[in-house]
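Right, I'll just put the structure down here and ask away after.
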Amino acid sequence: MTLSRDVLIRWMQLFAQSIEANKDYLTDLDSAIGDADHGANMHRGMQAVLSKLPTVAESDIGSILKTVGMTLVSTVGGASGPLYGTFFIQMASGASNKMELTLEDYINALQAGINGIVMRGKAHLQDKTMLDALQPALDALKQAAESGASLQDALEQSAAAAAAGRDATTPLLARKGRASYLGDRSIGHQDPGATSSHLLLQSLVDAVKA
Amino acid sequence: MTLSRDVLIRWMQLFAQSIEANKDYLTDLDSAIGDADHGANMHRGMQAVLSKLPTVAESDIGSILKTVGMTLVSTVGGASGPLYGTFFIQMASGASNKMELTLEDYINALQAGINGIVMRGKAHLQDKTMLDALQPALDALKQAAESGASLQDALEQSAAAAAAGRDATTPLLARKGRASYLGDRSIGHQDPGATSSHLLLQSLVDAVKA
Amino acid sequence: MKKLINHPENVVTEALQGMESAHADLIKVHYNPNYIVRADAPVSGKVGLLSGGGSGHEPMHGGFVGYGMLDAACPGAVFTSPTPDQMLEATKAINGGAGVLHIVKNYTGDVMNFEMAADLARSEGIEVEAVVIDDDVAVQDSLYTAGRRGVGLTVLAEKICGAAAEAKHSLQEVTEVCRKVNSQGRSMGMALTSCTVPHAGKPTFEIGEDEMEIGIGIHGEPGRQRMKIKTAAEIVEMLVKPIVEDLPFKSGDEVLAFVNGMGGTPLIELYLVYNEVQKLLSAHGIKITRHLIGSYITSLEMAGTSVTLLKLDDQLTKLWDAPVKTPALRWGM
Amino acid sequence: MKKLINHPENVVTEALQGMESAHADLIKVHYNPNYIVRADAPVSGKVGLLSGGGSGHEPMHGGFVGYGMLDAACPGAVFTSPTPDQMLEATKAINGGAGVLHIVKNYTGDVMNFEMAADLARSEGIEVEAVVIDDDVAVQDSLYTAGRRGVGLTVLAEKICGAAAEAKHSLQEVTEVCRKVNSQGRSMGMALTSCTVPHAGKPTFEIGEDEMEIGIGIHGEPGRQRMKIKTAAEIVEMLVKPIVEDLPFKSGDEVLAFVNGMGGTPLIELYLVYNEVQKLLSAHGIKITRHLIGSYITSLEMAGTSVTLLKLDDQLTKLWDAPVKTPALRWGM
């Protein structure tokens, strides 16, 4: 089994839905340790992505991912705009002209996306950012692939690892992004970006199942 | 029995005390239909009067009343400053060189004071102002004098009439002062200036009794 | 009560001290009695312009003292008219021999105190005129014989008369201009929240999370009407329509539109309100040729806005455009 | 949520429309992508000055576009950094051939978006420099590697660099001046209330009637510390002491003191705060030679204040005094 163009487009549609459903939740998380806009930011961006998707209905996967990334960059703003934007643009870089992604392709793409986030945001693990959901998800994905899991199983394990990573942000003291200004007061709150990152990976699981 | 200089000075002291005790109450009344300062205004003025009283300890009644009036004019501000100020200045006009006031003198003085308020503020009865306490008080005073009441009884009846007049302001629609801007919404609230005017006349009763 | 203050008793004095140390180049502050004068007062041969009123409306009036606007301002206690002795001293301090105009907002207390001060000044040989500003169309019933309140138009009158006085117009002429401004301008205001008088320590009125007051003045007094909160477009219509109908302003008129914040309303909202005012007036064929947007006549920390429209002609436009240099209004120099 | 708005989605656009119709003589507003430019942009041979950031801080930045200050400003969504495409378009629109300086407040989002924009502009052949302002001493621990926030000093940097650019200094020189301002200025802020992001619809943080937040930023984020409310004198000491000790400012220093309101704080309180700042600094032998008092960098309707001190020398003082003509700051013309 591979990830087809249709699955990727469905992924974006489901992610947009999931953001919409969790908009207030993300904003509440961002109220506690940020500036109360993460839900609105991601929603604005994914609505723009939705309206752009028809223009890439016939394109290769690289173009789809790049369009998603460029759209996020130019509509989200804040920290999450350049970060998620770079994530998709970097994912796209190895996927140009591809009409489907194997598990291995997807692993490489996710690795590239995460590298992009680190390059742009210079965060480390445990800084209480989206990286704390994404990196464990990549690790789990690789492990699943090594142990011969199916694509679907691998994605599920990856999303589960993202959820665990997200939960593990709660006790952390933030060292990057707006939450870092709070110092000790950031402890005890779940990171909004890690939360949206889990939603992203969970949406892919749902897209594959659908 | 007459009103001596000592009684007049005690009157002002007791009025200052009474204002102090009722400061928040007067301000609350003024919050409902005005600008929440009548208590503070009167308190500021009477504190200034208190500190001026020693300078007139040896003076005639006209000078005492005039000093009270001038002090109120220059420290109270708002509507009540010129009104109470003019009241006392006009009361003083017939009392220069007097060392005591008979009941008749006091009636004349009160009449002059009220005339001053009307001249300055151009209010009519039932406009929901201090006049609605003062005018009935003067009427009652005259009636008591005609029926041969003692000074103390006359003052008591006068203060009681002021209380009734004050209470009767509640259902009125304000036509003068700040409360008039509220239109119908001024109905149902007791007038702050009528309330302080009653305190004034009640303080004289207390000063005579003390 | 949440305020950046030390003690309620000292708010006015300490704020004056702040103004004094900040703006020593423009103004001098006199204490006991309190008044603020132009650093170069009295200006010989120029009509002196005095205004004053309760404190809590900053920058009005003290922030408007300086070249091209007021010669002096008398700050009272918070929301309480100043006293005649303040006004008398200020009148004397700014009398440059051409007489003094008192610009008075129409409140019983202000009017009476200014009347007493004018009498005292005249008895000392100073020529004094007074114009009472009464522009608030929220107070519309002629039964309420205290008349209309003076609100936003006061700021425009002070600027325009200041320019006329600076141009060495006579007391008669400056007074005429002030009357003209008063006859050609109207205002109305609304509030989203109450304010808290420092002495009182609690909000002047209670108001629900979904309510607003329409037809408020500038002293935290309740308005004419309480209702559910509406959109900016609906609110602007409720403010502008009575103004336009009252004068009335007509299609083809050129106006100065003044969108004022009550103290707790941020500028982003005032621009949004201005946008609605502009749209509504242009639908009526009324053209905004000058504007003022900001919190210039406030009610402490009240959230809300007021709209003032002043019908312009060449004379008023020129006087509005003339240079002004005060702590709160400055252009052309 | 109590706001003078129509719909949360449209706040930024409608406020921009209000600015556009009010200030057509000074600025032009471009939509999709959103940016505000000087009416006469690009000014040939002059370094272009661009800043930007989330909306909700008005008048910053759009109110500072005009002669002697910014050439363009990019407004993002409320409290959200604008996007690279806005910045790229604005950069192109103000490039008069002498290069463009980006003045960036130090927030992860702002920095990343401006970095992307600068890369794009450079790839189109425009010379771009960027200076990141990070003046907030509330963020003091070097462990928190996002670094200090950019707050009040940004306003001063924009004015001073604007004067340098207007004097046709080179991109190199204007950049140097900006770095100098950043190295010589420090700020700290506090809040009495939270603010409400229109989208969110409820206050960003809850706070008791007797509490305040010390060490806040400008995005309604909670501060470093919550405590019982104190007097203005005590609050000023909590703000000014860390500022003075950090640079450090020393006896004999001449400074510009900027007392800023967060949006919901009235001017009377800002003057009172300024009075305390002045007293405290003069006790330290530090002399205020220039000042700015008002709500210039706000957090929507938040009540609170911030203090910024900038060490002055002849160069900076002259640039500060140079004429400026923008919607929100104007003098000398």
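When the chains are written out, they are named A, B, C and D in that same order, and each has its own residue count from 1.
We adopt the following convention: a contact is a pair of C-beta atoms (placed from the backbone, for glycine too) under 8 Å apart; a residue touches a chain by one contact, two chains touch by 3 or more.
Computed from a predicted model, the values in this text were never measured in an experiment.
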Next item on the list: Supply the minimal count of touching-chain steps required to go from subunit B to subunit D.
Entry: 2
Checklist line | Chains touching both subunit B and subunit C | finding: none
Item checked: Label of the chain whose CA centroid is most distant from the centroid of subunit D -> B
Note to self: Could you work out how far the Cα centre of subunit A sits from that of subunit C, in whole Å?
What the structure shows: 55
Checklist line | Interchain centroid distance [CA atoms averaged], subunit A/subunit B, Å | finding: 75
Check: So what's the Cα centroid distance for subunit A and subunit D, whole Å?
Finding: 32
Note to self: Centroid of subunit C to centroid of subunit D, CA atoms only: how many Å?
What the structure shows: 29
Next item on the list: Could you classify the connectivity of these chains, where an edge means two chains touch, as line, ring, star, complete or other?
Entry: line
Check: Where do chains touch, given as pairs?
Finding: A-D, B-C, C-D
Check: Which of the residues in subunit B come into contact with subunit C in the complex?
Finding: 27, 31-37, 39-41, 44, 73-83, 120-122, 174-178, 180-183, 185
Note to self: List the residues on subunit C that touch subunit B in their complex, please.
What the structure shows: 33, 54, 76-85, 107-109, 112-113, 115-116, 138-139, 141, 143-146, 149, 197, 199-200, 204-205, 217, 219-222, 224
Check: Can you list the subunit D residues touching subunit C in their complex?
Finding: 2-7, 11, 14-19, 21-22, 55-56, 58-59, 63, 192-193, 209, 212, 229, 231-233, 235, 263-275, 278, 288, 291, 293, 295, 298, 300-301, 303-305, 328, 330-333
